[in-house]
């Protein structure tokens, strides 16, 4: 069951993301205080839905940011569509969705979706058409002229997804996008994301700390552990598609949830051992990790 | 907040009851105002208060209408001159403050050095510099009053606008970075709109400071047809009705400039939370 | 704190260098027949003549510092520095009394407003409007009513102090988490206990932010009030007097303004120190 950590799938023309030997350390006054990521190898193919799951401080958000060139790795290489990550960012290959919707209050819902299109030089009619199309996709076509503060949290997050998809990025990076929502809304949003993923065929990298969410959504779940942040397991999710309410009641679903949970627990054991060997300075490391922006 | 709750009330009866609620909300303040004036009038009419500088409200109103455009203390003309100084200084100070804030927000080191200084400047009794401004720019030149106003207004504008330009959600900057947006787009699409509410806060603070600063500047000398001189001279001539009339005009000018800025704010940033809170 | 001190020190240095730089470029010729007592004759003729940089508008700062060591007036054995220090202490005492009274008044008013929405709606608009009345306008009448005395000056300082404290404390006393109030309710606590144990401690960061503003405001009030108050011993009168003799000795006015600024900064610094001792690392609230 347990696969070799950091198994990199063989590179094929279909590889969208190729991460090789990535380390990320945060230093203070030239001294390394936290190892956020250590020896990360990972390949993601076109059209995959990959979840990164792990305890707080395992570096899953940092890994997402390394892929998106929002954080530079200390060592190793990240290629997206066969280019360095920085080039991919300049080519506008990334759609980002954060835990907070990050909508701009001063723009209407429609204008928020248009923002990246303006920056990327789409002309007026095309911007309007794309915004309408994307908001219809997330079923908010009626709310074009509303302002973000008039929408509920779940609706705001759907606007953020519409915005991320509006310019057809090669890859969608989602950082705990539903972490702030209640369980019922979260399940509805999961269904919505799957529908959008199937409709658009976008590659998605999805950070979460919810096991059911990761299993329900993904084609592959990457299990990480903390201190140092590393990949301890990669679990293929072979549930049938399309997935729906019934999926969450299948025996195979429960088996996979259990498998991910056990993988996380094994990672956690290692974590505790590592902590003991670092003569119990765990708490202070945790704090520096938070300041460094991990987790 | 649900989408439905924010839809404008269409039916007339809801609009009506909103008005009623508004009236009920402001009623206590109006009653206090009317009550105070009435009580004041009644007391002055019936009790001898010659030891206190408190003429009856009716006398103040009389003085206001008598000496608005004529007499030894033409209040209307004086108010116009003082308002000119205050608004001129407000404009100079705000402009300089925005420019400096824009520059410091751009450079992290400049900001880290200058912001504590700008905050620390609030510890300096700036009005003590008023006599210097009179000596520098000429005691009779309105510019000398404008400059003291400008210095008073400058610091809150710098502090607030810098805060507004820099207190941007980190995720918003990450989002813009993921679009490979230029610094220029980040400035105009994120930082400037984010700074607008802070700018208006500073402008409202500045509008009251401006009038006070102008009158204090006049107090240290200058031409005589300004509110500050009217107040000082009428008080020393024991014509407190004129003094109070001038004070009322000064206070009303301050309130009106404040409300005017608040009205512009409502038009420019209707999306900001401050524009939705506190309404009855 | 130390970082700030270094910062202000280096800023003062920059200002002094820029100041003398301007005078070097556009001031009036300098001549020191016996520079630093070394018997060297130093002469400098600036290439420009800027009006704002002449010795009347912008005296050399060493002359400003120098005049502090000279007698207040001819024949007096008191130096200007000693005189201004005495005046500053006198003004500070007036300001401090007004500061304490104003802060207490603000606390009482805020407590009232927080416990009665009706009182808040009825009176807070006037508390705000009171600040549009310039204090110099009220000063002559306060002096008429209470006589030319320290009491009048204290009232003026009080008037400038109570406002920031009232407004900040309304916010501060309302700042506790609603769940903290619900918790207190579940203990069946009295209003007094809620005030003492929850509202007041929660409001402390707001209080100190307001007190820092009020510290300077009370100094301003005292300086302004001393003019019409006819108080001869404080900084306000010194500024007015030295302003009148500006043409003959501008350095004296500059000295008085310098001391006023130092007084404002010192009072601010004292409150800032009390703040860090009281809050002990709790986050301060930004002003406004």
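Read from first to last, the chains carry the letters A, B and C; within each, the first residue is number 1.
Everything that follows uses one rule, which is that contacts are C-beta pairs under 8 Å (C-beta built on N, C-alpha and C of every residue); 3 or more make two chains touch, one makes a residue touch a chain.
Just so it is clear, the model here is predicted, and its values are computed rather than measured.
With every chain reduced to the mean of its CA atoms, the largest distance from chain B is reached by A. Put simply, the chain nearest the middle, going by average C-alpha positions, is B. The count of contacting C-beta pairs peaks for the chain pair B-C. The mean-CA centres of chain A and chain C are about 53 angstrom from one another, to the nearest whole unit. Rounded to whole angstrom, the centroid-to-centroid distance between chain B and chain C, based on C-alpha atoms, equals 20 Å.
Per-chain Cα centroids separate chain A from chain B by 48 Å. Remark: chain A residues 65, 68, 70, 89-92, 94-96, 98-100, 102, 104-106, 115-116, 119-120, 143, 146-147, 149-152, 155, 173 touch chain B in the complex.
Listing the residues of chain C that touch chain B in their complex gives 4, 7-8, 11, 52, 56-57, 118, 121-123, 125-126, 129, 131-138, 140-141, 144-145, 212-213, 215-216, 219-220, 223-224, 227-228, 235, 239-240, 243, 246, 250, 253-254, 256-257, 260-261, 263-265, 267-269, 286-288.
In the complex of the two chains, the chain B residues touching chain A come out as 1-3, 6, 169, 171-172, 174-175, 177-181, 185, 189-190, 193, 196, 269, 271-273, 276.
Partner chain C is touched in their complex by these residues of chain B: 25-26, 28-29, 31-33, 51-53, 113, 116-117, 119-120, 122-125, 127-129, 131-132, 134-136, 156, 159-160, 163, 201-202, 205, 208, 211-212, 215-216, 219-221, 227-228, 231-232, 235-236, 238, 240, 243, 246-247, 250-251, 254-255, 258.
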